[in-house]
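Sending over a structure as structure tokens; questions will come in a sec.
Chains here go by letter, A, B, C, D, E and F, matching the order in which they are written, and residues are numbered from 1 within each.
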Amino acid sequence: MLLHLSTWLEVETYLEQSKGIILPIGSTEQHGPTGLIGTDAICAEAIAKGVGETTQALVAPTINVGMALHHTAFPGSISLKPSTLISLIRDYLTSLTKAGFTKFFFINGHGGNMATLKAAFSETYAVLAELNLPNADRVQCKLANWFMCGSVYQLAKELYGSQEGSHATPSEVALTQYVYPDAIKQAPLSAEVAAGYPIYGAVDFRRRYPDGRMGSNPALATPEHGQQFYERAVKELSQSYLEFLAQD
Amino acid sequence: MLLHLSTWLEVETYLEQSKGIILPIGSTEQHGPTGLIGTDAICAEAIAKGVGETTQALVAPTINVGMALHHTAFPGSISLKPSTLISLIRDYLTSLTKAGFTKFFFINGHGGNMATLKAAFSETYAVLAELNLPNADRVQCKLANWFMCGSVYQLAKELYGSQEGSHATPSEVALTQYVYPDAIKQAPLSAEVAAGYPIYGAVDFRRRYPDGRMGSNPALATPEHGQQFYERAVKELSQSYLEFLAQD
Amino acid sequence: MLLHLSTWLEVETYLEQSKGIILPIGSTEQHGPTGLIGTDAICAEAIAKGVGETTQALVAPTINVGMALHHTAFPGSISLKPSTLISLIRDYLTSLTKAGFTKFFFINGHGGNMATLKAAFSETYAVLAELNLPNADRVQCKLANWFMCGSVYQLAKELYGSQEGSHATPSEVALTQYVYPDAIKQAPLSAEVAAGYPIYGAVDFRRRYPDGRMGSNPALATPEHGQQFYERAVKELSQSYLEFLAQD
Amino acid sequence: MLLHLSTWLEVETYLEQSKGIILPIGSTEQHGPTGLIGTDAICAEAIAKGVGETTQALVAPTINVGMALHHTAFPGSISLKPSTLISLIRDYLTSLTKAGFTKFFFINGHGGNMATLKAAFSETYAVLAELNLPNADRVQCKLANWFMCGSVYQLAKELYGSQEGSHATPSEVALTQYVYPDAIKQAPLSAEVAAGYPIYGAVDFRRRYPDGRMGSNPALATPEHGQQFYERAVKELSQSYLEFLAQD
Amino acid sequence: MLLHLSTWLEVETYLEQSKGIILPIGSTEQHGPTGLIGTDAICAEAIAKGVGETTQALVAPTINVGMALHHTAFPGSISLKPSTLISLIRDYLTSLTKAGFTKFFFINGHGGNMATLKAAFSETYAVLAELNLPNADRVQCKLANWFMCGSVYQLAKELYGSQEGSHATPSEVALTQYVYPDAIKQAPLSAEVAAGYPIYGAVDFRRRYPDGRMGSNPALATPEHGQQFYERAVKELSQSYLEFLAQD
Amino acid sequence: MLLHLSTWLEVETYLEQSKGIILPIGSTEQHGPTGLIGTDAICAEAIAKGVGETTQALVAPTINVGMALHHTAFPGSISLKPSTLISLIRDYLTSLTKAGFTKFFFINGHGGNMATLKAAFSETYAVLAELNLPNADRVQCKLANWFMCGSVYQLAKELYGSQEGSHATPSEVALTQYVYPDAIKQAPLSAEVAAGYPIYGAVDFRRRYPDGRMGSNPALATPEHGQQFYERAVKELSQSYLEFLAQD
């Protein structure tokens, strides 16, 4: 059940049986010479939709732009500052908590969002409590990174070994190929790829990772792989969502 | 050309010939008993995609959640505070201006976004100038509300007369029916509908407009109407975008 | 009844019979070679005082500086950032709502304030509700732009036709001449005047509008015209204020 | 020379010979049973105008609302939060520094503004330097409290002794009587008046100072006294302004 | 009783008998060629500990970094912006007020903190009241500057006369020598020392005060003097704290 | 070399040979019935001092209060909101980067700080770049959590097995016992201890973890263990710091 394809009456009915909602969050950032700029949002959205179907959960619209400041020296990347993303999450959850939601399950497609999201959850719990919202002390957020699912990680290792890398990875590229088979890109990929540098500012990042990849070989990706990743992530996160709901 | 389906190399190439980008912005808010919560985002996104195809322009991911505080007494509505939306716009445009974009064309699906967007443009011009970004004094934003296109307005008047109303209108509902024919909703609509009250806070809004509609009769909407609205808006806004680009 | 010339005991008494207050807001910005920098504040203040006298309403001190970032490439202009103006309005209305006021009637002298004021109203409704202030959900703000009164617009058209323009207009200059006859300025005004460009950042604005006027011929203004504008605006806005008060 | 009664061309000319500007700042807050709510703004504005005439200095519009949170349990008081006032001052000085001003002389009518103004000056110096504004490291702010002038203090002591008190004082009330002789108020004043308590929050303040006065007997005020205070303050602050200008 | 060396159970017990807490605040800033960068924090911490022992009061961890923007052109200085320090104080007091504390006694070692702290207290009183925290209207903050104690001032005058100066003073240096006798520094000190200039921005400050001292001769300091200052400050502030506690 | 025990001349000299600085950060929060409220700050400070001695690095004053919102239902806990901590870190690093530092090594004693610190680093890199600070694109932050050192983890496992738990752990308690042997606390510890619940808001945390411990048995701690933890952490982090410095 997709929130943007529902009416408020349907949401009112939904709330009678569940206080849970799934919020997909991605990023709009370079993903190497062949990866789509929307990769992280595409993956999060597709998987969230799958989890929603599997579990009958409501799925919010995708947060397409996240915390990707370190990618902004590559054109096409868009990022919120962490302080802005914290305000955004606070506003989303304030709106939804007022309506009666208390279980927020974020399906995340971007490693760079993790720290800020966790900070945002802490800030939001405190703000909701200060505003004396009913049920504020029952609000719970869970961060579910599809790329960190055990079954996903296992498959990536089997298929790509060390060529999985850590950004513009064949696994995420494969998933976008499965979702958007018409948008599979070709571009020369040097065999040698930078890897292992820590991440600091945007200019520094581009200096170290000149084509945007971090140790990955996205040429290994196929739509068929993508389907497998999709199915594993949906299965594992559906289970995770149901456990989250069941938790006190 | 959709940003999320492009690579950074493609964006780099695009920037050699154009500094323009289209940013669809909608809202996630109640649209009466039969209107989709995502109506404003769906309309903006579909039209932006159409304009992008017509004009070869790059289209950014849709900003799905806007300024809808007055709708938040209806479940399922999500809103940013104006101050948060201003920060978000500032961050988007800072990222894109650094990359070389200077012409920002916002295709907007929600009247409630207009004031905050204009405030955000003013704030952003000043901030970019203070940061000494190259071309900061050449940055231009244009707000294009599809529902205020002359040709759209004309058609709505012909088809619906005074039953168009001003929220959860048959024209916007029709457009969503055209885009998502599988998500056409049925619910009882009272013949009498509240109209003409000014908009203040969320509780007050729901008190005055108990089913969420503002003077509208969305039962008049059909997918065929939706297609007509879509085509008129795309045509008119494509023209508008090209003029905006051509302007000094 | 002017707030700054009242005592708190008088305000306490006033609140027993009315929850309404008038807040004049202007701007401090260039108004072409002959227009006063305080034009917008002067007009708003004079009219607000007149409306207060006509309707027995309390009038707050004038907000002299508003959102005029696009004029700041001309010396003497002072502007708040939109985010600052939003905080200012929120603070004003928080103070006044705590005291029992719920009807806020802004008499505005500057088009550039409109978007930010509307955004500020939305932000304030939400913040007051979150803080659980008594009557928060009864708070209502109304934006009354004197220069958009029908009777004012009509007169400007009759007197000046297309030479009214849209900034440093003869109508607003006339009104300041009526209020401050000793401060009527003379300076050469080129017959040709820039017009029709959209407004972006401050440097761009001055590039397009080199003497600060936007399509106007303020040389047509006279103090006698000013009195007429004043009287029409006071009459129309007094009516508007009383209707606002009477509204549920 | 009053900024709001000047044109931008006149300001441009003024800047050729002086980089100084006077900014009056007051407050909108209760001043006891007989004191005007605008007392602090009225005094600051009148004296600033006098100093401007004496020294040929430009005088900005009065900041009518300052930091008066502790007075907000009395109706009619309006206050900015300190963080808002800091943003406001930063915005004012950013606008004026861009135009070439570097010497900012604040004539202040309210003790409660002092701490926040000093904090705002520090914040502004740092922000202007970070933005690389030309002359940022030459920007200087001076806080001139008229009520702390030696000659003013001396006169208050002579006229009122210990009945001067520290809020709603006869000296400030006298000055408003001189400026607005038609707005002299009468109300019963108990002989006993609270005094000596420190200032904390608004509710606490009203509990301790039930009629709003702090140890003062404003019944002693006369318009003639007011004129004397006015003349002493103008003389002393004019001298102070010229020394400030002359300083490196 | 030091908060950082206590358990939460001990704090719970403490709150049964006292609602007071001492918060030492200093600064991390240049103190001339021989003064320690931590001087203000060291003094505040030592004295706060002494007062805590004398009065059985709980002492919070020292706020080591304060408002020292004007010192930041000297390496090693660290400063918060005033707006950040206000947020920090608001967060500290929100945490502690929720736990039941209402009496906050700040022992301050840095003149530059005073304005921002006072602004922060005002902001905090208002915010706590808006959040409806229990006892919010009983919260009281007191700013106690050890260097402004009468007995301290008297001793400094006797020992150093006009060579006390106003920054990097022998009295504060002496106190650090008493606390950290192993960190007594030697460096050439010119006999002539800049004095009497007002404080503006950081670059300006260093231009006027090239070695960081303001009219002081810290070579006069001895650890024995430091002990005397310490003892006087502890005695006087202990008395002051007890009076603060006893106050309604 | 401790910053607070240094002079600015010594820092100037230091900067000629190193651009690195160590910033200890802890927290002020409950640590179970026997753990010190300052545990995280005490550990971070002691280890940072040790690393500074080993590597000749400059050590900044300890940030004593961090992000501990979830502990604030226990008295004595003090927390910054994440947004405040981000501003604080931004201010610290702005001050230090202006002075020439570019390598910031945070020795952290509190798991709850990690997300916000990472978000703060990202925000700061972007802000410094926007302000055009020299070397802004060379600024690097590293987060070093002493409790996650391999050698520390190994020892905790050997000594305590599963009784290490995850908050108020015997390892951190032991370290504080080594540093402050006079502050070893005794209190009854139930054999059964809550464990395994995720962390949400403050009220929820205390409901799940009624005595503050998370699965730990701090009664196992001894000062001798503490010394071992200290020595392992200092050794491992000294190595880590030197590698960080050597890195491009």
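What we mean here is this: a residue touches a chain if its C-beta (ideal position, glycine included) is under 8 Å from a C-beta of that chain, and two chains touch if they have at least 3 such contacts.
These numbers come from a predicted model, not from an experiment.
Asker: Return the chain pair with more inter-chain C-beta contacts, choosing between E-F and B-C.
Answerer: E-F
Asker: Report the inter-centroid distance (CA atoms only) between chain B and chain D in whole Å.
Answerer: 46
Asker: Just how far, in Å, is the C-alpha centre of chain F from the one of chain A?
Answerer: The computed centroid separation for chain A versus chain F comes out at 29 Å.
Asker: When you check chain A against every other chain, which residues touch at least two of them?
Answerer: 72, 81, 83, 87, 131-132
Asker: Return all touching chain pairs.
Answerer: Taking the chains two at a time, the touching pairs are A-B, A-C, A-E, A-F, B-C, B-D, B-F, C-D, C-E, D-E, D-F, E-F.
Asker: For the complex, give me every residue of chain E touching chain D.
Answerer: Answer in residue numbers: 67, 69-70, 72, 81-83, 86-87, 112, 114-123, 125-126, 128-129, 136-142, 198, 200-204, 247.
Asker: How about chain E: which of its residues touch chain F in the complex?
Answerer: 2-12, 15, 28, 30-38, 41-42, 60-65, 72-81, 83-84, 87-88, 90-92, 95-96, 98-100, 180, 183, 185, 187, 212
Asker: Using the touch definition up top, name the residues of chain F that touch chain D in the complex.
Answerer: Residues 94, 131-132 of chain F touch chain D in their complex.
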